[in-house]
Structure formats: structure tokens, C-alpha cells
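Chain lettering (A, B, C, D, E and F) follows the sequence in which the chains are written, and residue indices restart at 1 in each chain.
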Amino acid sequence: MPIVEAHILQGYSPTEKSRLSSALTDAIRFVVPAPDEAITVMLHEYPSEAYARGGQHRQPAPALPDPAQIVRDYLAAMEARDLDTAQGMLGDGFQMVFPATQPMTDLSELIAWSKGRYRFVKKTYDGFDAMHSGGVAVVYARGTLYGEWMDGTPFEGIRFIDRFEISGGKIVRQDVWNDMAEVRAK
Amino acid sequence: MPIVEAHILQGYSPTEKSRLSSALTDAIRFVVPAPDEAITVMLHEYPSEAYARGGQHRQPAPALPDPAQIVRDYLAAMEARDLDTAQGMLGDGFQMVFPATQPMTDLSELIAWSKGRYRFVKKTYDGFDAMHSGGVAVVYARGTLYGEWMDGTPFEGIRFIDRFEISGGKIVRQDVWNDMAEVRAK
Amino acid sequence: MPIVEAHILQGYSPTEKSRLSSALTDAIRFVVPAPDEAITVMLHEYPSEAYARGGQHRQPAPALPDPAQIVRDYLAAMEARDLDTAQGMLGDGFQMVFPATQPMTDLSELIAWSKGRYRFVKKTYDGFDAMHSGGVAVVYARGTLYGEWMDGTPFEGIRFIDRFEISGGKIVRQDVWNDMAEVRAK
Amino acid sequence: MPIVEAHILQGYSPTEKSRLSSALTDAIRFVVPAPDEAITVMLHEYPSEAYARGGQHRQPAPALPDPAQIVRDYLAAMEARDLDTAQGMLGDGFQMVFPATQPMTDLSELIAWSKGRYRFVKKTYDGFDAMHSGGVAVVYARGTLYGEWMDGTPFEGIRFIDRFEISGGKIVRQDVWNDMAEVRAK
Amino acid sequence: MPIVEAHILQGYSPTEKSRLSSALTDAIRFVVPAPDEAITVMLHEYPSEAYARGGQHRQPAPALPDPAQIVRDYLAAMEARDLDTAQGMLGDGFQMVFPATQPMTDLSELIAWSKGRYRFVKKTYDGFDAMHSGGVAVVYARGTLYGEWMDGTPFEGIRFIDRFEISGGKIVRQDVWNDMAEVRAK
Amino acid sequence: MPIVEAHILQGYSPTEKSRLSSALTDAIRFVVPAPDEAITVMLHEYPSEAYARGGQHRQPAPALPDPAQIVRDYLAAMEARDLDTAQGMLGDGFQMVFPATQPMTDLSELIAWSKGRYRFVKKTYDGFDAMHSGGVAVVYARGTLYGEWMDGTPFEGIRFIDRFEISGGKIVRQDVWNDMAEVRAK
């Protein structure tokens, strides 16, 4: 049954408004088990001249980019070993933790670390989850890895999950888990 | 700047309303980088007699339980090997996937599988993420494992992440990743 | 899809609020072919101290009585020949027109007119329609008549329709059509 | 005092919005005896991208045609004996009941039935009432008949009332009452 | 915390909407000590076809002119001895009271009265206050006077305050206080 | 036509809500010449649990006291020479300016200053104006003075106007103008 009215400044694109509608709809679904046809989201849009906070007219803050898309783009750049592009998507204080590694802060460290582990690895995605949590956007990407071990043996179907924190449109943290060691240990 | 009005039926507890307010606030934060003091959520509550859909007065659907709490309770029951309690929290069609295992559907399978791997294992939590995604509540729990290997050697600080899907207040899927094999392989 | 919010003063009974919700729902249905589950009506109720028009706090006007109920009560009183009760339900300037009669203003005229037509007549109702139209509440009652002609022959199933105008809770006009003459002419 | 806000999708014409405003105003008047200047109706209109039900953006359902206008057009076509036009305005399962007739389903039956009753008949309208009631639009047309009996004698001022049910823009039922037999019986 | 939604007809200029937003913001500040960033004003604007009072669509009343600007213009015209312009800004029944004078109704009276008091006088403004009070717009202008006494001695820094009542865009009353006599008496 | 909805936290008294309604009504009147019966103010009140800013539930800030009442009480205390009470109503940095005086900061200065001017003086009020302006509440009190000169001669009908600034419920500035010197100079 819940009906949501959100009041926003004019200037957001249809896609941004759709993302906002979806996020609000999911927020309702998270707490109230209403049937889908009973959850309505309506966005009131105001020109700057019809909206004032503290007596001051306001301009809309540009919408945050879709963090799931940022992660997709980053993972694609990494898979293509396009390190410049990937590096440009990282924010200040970026840290990444891979299975049984110390935190790394530079993509070159990661490349060095992975050198002795496999010839190449690629990802097949099963799904993404994204939300705002604890002050940042959090994105989970999960699926399976395929590629070749150092000896040329192919592998596939190895489960992985990556967790990203995005702040201000930049990736500030990446945590990676996967079953590579389990599989190799077999 | 966004201001959110949600219209709901009377009958939700203060805690449920807080959860709804938080979820709506995070939905806004997910898309619009407004300062916190500019994101306002207001809940209009209607007695049944003042709310009609299709001309019919409605009763509020009971709020969904907090899925993060369900996961905490389930993990605590598992850690205490209180299988009856844990089993009672599982929904129809429950499936769980552990590192390099086939999907299991019964907790006893899991117990049997873990028998040869460690004497015991316990969890220290670094954080939970929860959201509605793809028709279910999704909860991520992450942190580190400590315990004893089969030979009595203690271990600690092994990273893990669990992903749960909760539907209708029951856990219907659990996926687990951790660095155990990485650590043992060292 | 339409969602209706009506802002009213506190003080209306649940029944009155239901009548208002129904009327608003039907108003939407009259113009927009939305599925029923998509038409939501919500009533905001304000204590007098939180509602001001022209800077003056206001008291709620007592709800109008249900005009269909007024008509049912009036027709029941007439059928029971309880003329005092029926007369008390008529407003200033009351007028009634029966098949091929001049306008009558007093129930005794009607009784006199009907004297030579049948020994008694009673009504079976097929339905009522009620609405606000042209400054008054309009109620239609339709169904069939049964009773006895002057010679004692019974009759039944004779279609009738009555149209009433109600203003300020009083009946101010009654128009009657029926098939009595058609039936007698056969 | 009541103030009504209706939230609708963009795309309705000014006339359709006027019809909706009028219907909502009459819905209020039907229950609350507020002075006219205190009944305000405001329509919020949303582009599809700013309106979502169940997370899906929606297109506005085309407004229902004005049922009173449908009835006027139908009665004009019948009076002009333009049976093709009139027939095209009837919906599936159409039924009509005239004074002391069995239900008819085809306009040709009506023409046949009326053949022996008068040379022609035309209508002067005193008023129309229209509302949504019981799942359909109901329209009442009332006034007086004039024309010529079979013998060429003119008649006039014979009261009639027609009740129509309209569903999906088509007439599905017509009930007719009038004083013809009363008048002839005199 | 207060959030204000005002529903108005379309047709007001950005400046008029700013004036309305400011007035509403100050109305809140007058009663509730909320921090500025917590007072939001949002204006819903309706085309005439989406707004009905008493079932009638309405046109927006032209906004009242800014009374403080009217007063500034009037005082500038008076200072420039442009009596025609100033006279044109006065409404029916205009009255003015200067220190220890009887009420005057015509600007020529004022000119005559001031003749023996100073050669000329001009105003430096410290501030304006404006509000709606008691059915009229009230504007206060305060500051200091400078000029020359009749004997050619200059003066300056003499405090004054003018109070104006504006109705229908015209000045209908002016009350003036100042320290001229105090200063001269020294 | 304007309709104002203000959203506030629960906890304000009926009198405080009336003051807020009046201030909002006057804000509308200040800009739009709508007839009084067309200006509606409605206050939505939320319990703390149904209101969140930045995800935090909030408590209502206590309403500001009525500044016009503060001024009335202060002027009454001064007239009664109840300096302790009057002093207690002054805020930090209080300043007062009387006709042709330097700014004074202490009531005893005022008493000393007035000693040589009259035996006593009392006020008759013609009206008060109050508003929020420039970050403070501004109150104007105007009327006439009566009393006795030093030589025992009575006086009356001497116009005065006082301007007060109130911040945080305390008077922080008083400016006084009157015609005493004009009258004495005659």
C-alpha cells in the first residue's frame, strides 16, 4: 500500500529519475510486504525558483553515477588490462584486498601478485547487488571465473564475489573472495 | 534536498517506521548526493477507515522482519550448533553453496562436509549490508574466521563473506566464500 | 493509477469517511479506467487548531446524511402509510409528480389520488443510484411493484423508477414513473 | 473545507481534467455540506518517468468518454432513425427494456415493437444525471415526449425517463419508463 | 524542520515566487527556531485546468507589487519633489501624520508645512521592514536625515522612521517620526 | 487560492499552531491578493518516529515565544519601574537608542537620562506590528504618551513608536522615536 512522494529539483534525467524510483520502491519492499501494484512512487519536480531552503533558491546536485555501472566498467577495464582507465576510476585512499593478500593500494601491485597464479582470468557474472550503506555506495558483483592456470590448463566455473565501495563516483575499496585455492587444492 | 513523504497505514511500530525511514533515506543517498541535513523523510499514517484502495478499506500488512537480524540469529544458531533453531529459519527450496561444494539443501549435509575440515570455526563480523534486490531481501555478512584445524592448530583472521537471500522472513539461499584454502595452501 | 488525497477536519465518523472514500473512488472511476487496485484514496484529518481558512480555525460541518438511506426510510414510511414520519422528511417547496398527474405538494393529495387505482401497492427494489448533481443530492430507486387492483386481483412485477432530490437532508422533489397503465391496458 | 489533491499521469486533455475535477467536487458535495468556495480540487500531473507503480513506469490509460455525451448521441441517432450509428454504440450483451416489454437485444426489435404505437416520437430533455455506480457508468435522461399517435393525433408533454449503463464506452443496458399508457388511458 | 508546500496557480514570475518563498520562510522563522537549512519551501504550480474551486477553474490573481519597493519609489519621488509621481502612488483616503501635525491628506499640505522648517532634507536608509498586518501591507523605512536648516546650516544623522500602509498597491497612510525637534532643541 | 501545507513535528500547543497558521496566512496575503476564504493553511504533525532528517529522528524545537507579548511585558515592567523584571528580558549586547541620545546599554542609564525630562510617562497603544526580518523578530509598538512634565503640567496624545529586535526570546535592541521635543517646542 505504501505511496511515496519524493520532492526533487528539476534537472534530473529520465534515467536518473528511474533509478531514484527504483531505489525508493526497493526501500519500501525492504520493510513492507505490499504487492507490487500497491507500491507507487511519484516524483514532484520543482524549478529552482519554486524551491527554497533557508530562504535560498537551490540548484540540483548532479545525480550520483550508477555505482553498479562504475563497477562493470572498472572490471571490464581490468579484464582488458586497460590499467590507465581502471586507475582513473579509483578514488583517494583506494585499497583492495584479495584472497590471503595484504591490502594493496596500486593496480600494479595486483598485476604483480597475480603473475604467478594464472595466465589469464575472465569473469562471467551471475548478478550485481548495489545499495547505499554506511555512507558509501556498496556494489557486489558475483559469478564465476574462467581462464588458464600457469601450466596452460583451462579452468572455469570458479565462484567469486567482489565487494566495492564507491564514494563521490570513485571506487575507494575493493574486496575479493573466490574459490581458486579450493579448486587448486583438489 | 530531496524530501520524501511516504503514506502508510497505521499499525507499524516505531522500530519498523525507523527501518522504513532509514531505507528511504538510503534510497535517496544512493542517487542524489544531498547533504544529510537536506534529506527529510516524513511518514503519513492513516487509520484503515481513512485509506481505501479500489474503494476497499485496508489493513496494514505486517512489516517484514529485519533480514539482517534474521541472518545474525541464524549464524549464531549455527555457530552454537543449534541445528533445530537454524533449520526453523530456512524456507522452502533452501540451498547453500560453500567453497567448492555442490549446492546443499540440508544443514546436516553441511555438518558432514565440514567434519574433515576443522575442529570448530567461529566468526568475527566486520559488517553487514542488506537491501531489497531482485524480489528478495539480500544480506551480506563479512568478517573473519577463527578456530582450530583438525590437528588442533588454531587459526584466525581468515576472511569470509556470506550472502543470504530472505523471502517471506525465511532464508532461502546462502552462498559462502572464504580464504580457508588460500591460507591452508600457504 | 489515480491517487486521491482529501484534506478534511477531524470529527467525521468512520462511516462518513467510508462514504467520502467511496464517492471519491467513483469520481475517479467515472473518468479514468484505472484498475481498482490502482485507485487509492487517503484522507488527511486535521484538528481544528491545525487548520485555518482566512486565518480562522474552523469546525467541521456535520456530514450530510446518506441520501439513499433517507429515500429508503421515506419509501418504507409511505408503504406503511406512516404519513407523519414521511411528511417530516420533506423539505420546503416539496413537489411530487406521479404518472400523468399534476405536481402535488402534500402527501394527502397523493393518498387521495391513489385511492381509485389500487387497494395497496408495495415495492421490491432492484437498485439505487445516488449522486450529487446540479446542487442537490439525487437518488434513483427502481424495481417492481406488487399489490392488488381495486377488484382484488393481485399484480406483481410492474417496473417503477422514482427520482428524488434531497437538499439539506430533506426530500424536496419526487418524480415517479411506472408501467401500471401499460399493464392495465393489456 | 475539503481540499482534494489527485495525482494523475500527464496526458489528459483540459476537458478530461475538468470532468475529473467536477466529479471529485461533486463527490465532496455528496458527503460534506461545505460552501462551494471552500472545495478545492488540485490535479498533480506526472510524466511517465516520474511515476512508477511496482517499480514500473506507467502510461496513462485513455480517459473514458463522457457517458452523458454517449447517451445524447445515441438518442439523437435513434430519433433520426440512424440505426447503424446507434447500433455501433452498443456493447456486447446489450439489453433494453421498454414499458411492459420483455428485454430486447436488437434495435430492430424495438423498431418493430414501436410500429403499432405511434407514427413518430421525439424527445425534449429536462435533464441528465450521470455517475459511476456498481461498476458501470449510469446515465439518466429525462424529459417529455412529443409526436403523433397512429391516427395522426399529435401528443406532447408525456414524461419519460431513460436509464443507461455504459461500460468501456459502450451502452450495455437501456431501461425506459414513460407515461404513454397513462395518457392513452385517459 | 518545518517544510512548507504552497499550492498556487501558474502565472507568477520567478521574482514573485521568490517573494512568496521568502515570506513563507520568515513566517516559519517567526514561530519555530529551526536552523535555516531545515526550512524548506516548495511551490506547487497548477495550470488553470488542473485547479478548481467550487468546481470552477480559476485564473491566478496578479501578485501584489512589493510594498517595500512602492515605498522606496514614493520616497524617492518625494525627495526629488516629483509630486505628480508621488501623488499617483496614493490611494483613496490617504492620510499622513508628521511630527506634531494634524493629519494631512494632500502632498501640497506637506510641502507647505515643511516650508518653514528646512531648506531641504534627504534620507539615508538603515533598513526596511515589511509585512502583512491587519489587512494591509505595512512598510517601515528607517534611517537618518541630512539637509540644511532655513539658515543654511547643514544637519545630518537625524534619526527618522516612516510607517506606511499599502492596500491594493497604493499607499493609504504614512506616519512619520524623527528627532528634528530634539536636535533643534539642543 | 493559495493552499499551504506545513509539515511540523508533534509537540506544539494549539496557541503555537495558531500563531504559525496566522504567520503563514499573512505571508500569503503579503504577496497574493486572494480572498480570505481562499487561503487555507493545514499543519501536518508528525511524531518523532515518523520524521527523520538525514536518517535521524528529531525532536521539535520549542516554539519561539510571541515577540509582541515579550514587548508588551517589557513595556509594562518599564512603566511600572520594575527594572529587575525588565532587565531580565534583555539579551546579550542589548542596545537602546532614544531620541537624540547615544546608544545606551543599561536600563539605569535610561532612568538617569529621563530624570530631567518628565515626572512620569505612560503609554496608550494604537497597535503592534511584528514579523521576522533580517534574522531577528522585529516588533513595532506605537501609540501616544501621556504623563507630567517636570513642572507638573500634564501632557497627553504625544505620538511615539518603539522598534524592538528580539533574538532567542530576548530583547537585543530598542529604538524609540516620539514627538516630545516637537510638542515642547511649540
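The rule is simple: a contact is a pair of C-beta atoms (placed from the backbone, for glycine too) under 8 Å apart; a residue touches a chain by one contact, two chains touch by 3 or more.
The chain lineup, named per UniProt: A, B, C, D, E, F = Tautomerase.
Given the structure is predicted, the values throughout are model-derived calculations rather than measurements.
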Q: Quickly list, by label, the chains bordering both chain A (Tautomerase) and chain F (Tautomerase).
A: B, C, D, E
**Q.** Number of steps on the shortest touching-chain route linking chain B (Tautomerase) and chain D (Tautomerase)
**A.** 2
Q) Measuring centre to centre, with centres taken as mean CA positions, what chain is farthest from chain C (Tautomerase)? A) A
Q) chain E (Tautomerase) to chain F (Tautomerase): how many Å between their CA centres? A) 19
Q | Distance from the mean Cα position of chain E (Tautomerase) to that of chain B (Tautomerase), given in whole angstrom | A | 62
(Q) Going by the contact rule already set, what residues in chain C (Tautomerase) reach two or more other chains? (A) 1, 3, 7, 26, 35, 37-38, 40, 42, 44, 51, 53
Q: Using the contact definition from the top, classify how the chains connect: line, ring, star, complete or other.
A: other
Q) Considering every pair of chains, which are in touch? A) A-B, A-C, A-D, A-E, B-C, B-E, B-F, C-D, C-F, D-E, D-F, E-F
Q | Contact set on chain F (Tautomerase) toward chain E (Tautomerase) in their complex | A | 1-9, 16, 19-20, 23-24, 26-34, 38, 51, 53, 58, 60-64, 67, 97, 99-100, 127, 129-134, 137-138, 140, 142, 159-161, 163, 168, 175, 177-186
Q) Once bound in the complex, which stretches of chain B (Tautomerase) touch chain C (Tautomerase)? A) 7, 44, 46, 49-55, 57
Q.
Which stretch or stretches of chain B (Tautomerase) touch chain F (Tautomerase) in the complex?
A. 14, 17-18, 21-22, 25-26, 35-45
Q) Where on chain E (Tautomerase) does chain B (Tautomerase) make contact in their complex? A) 1, 3, 35, 37-38, 40, 42
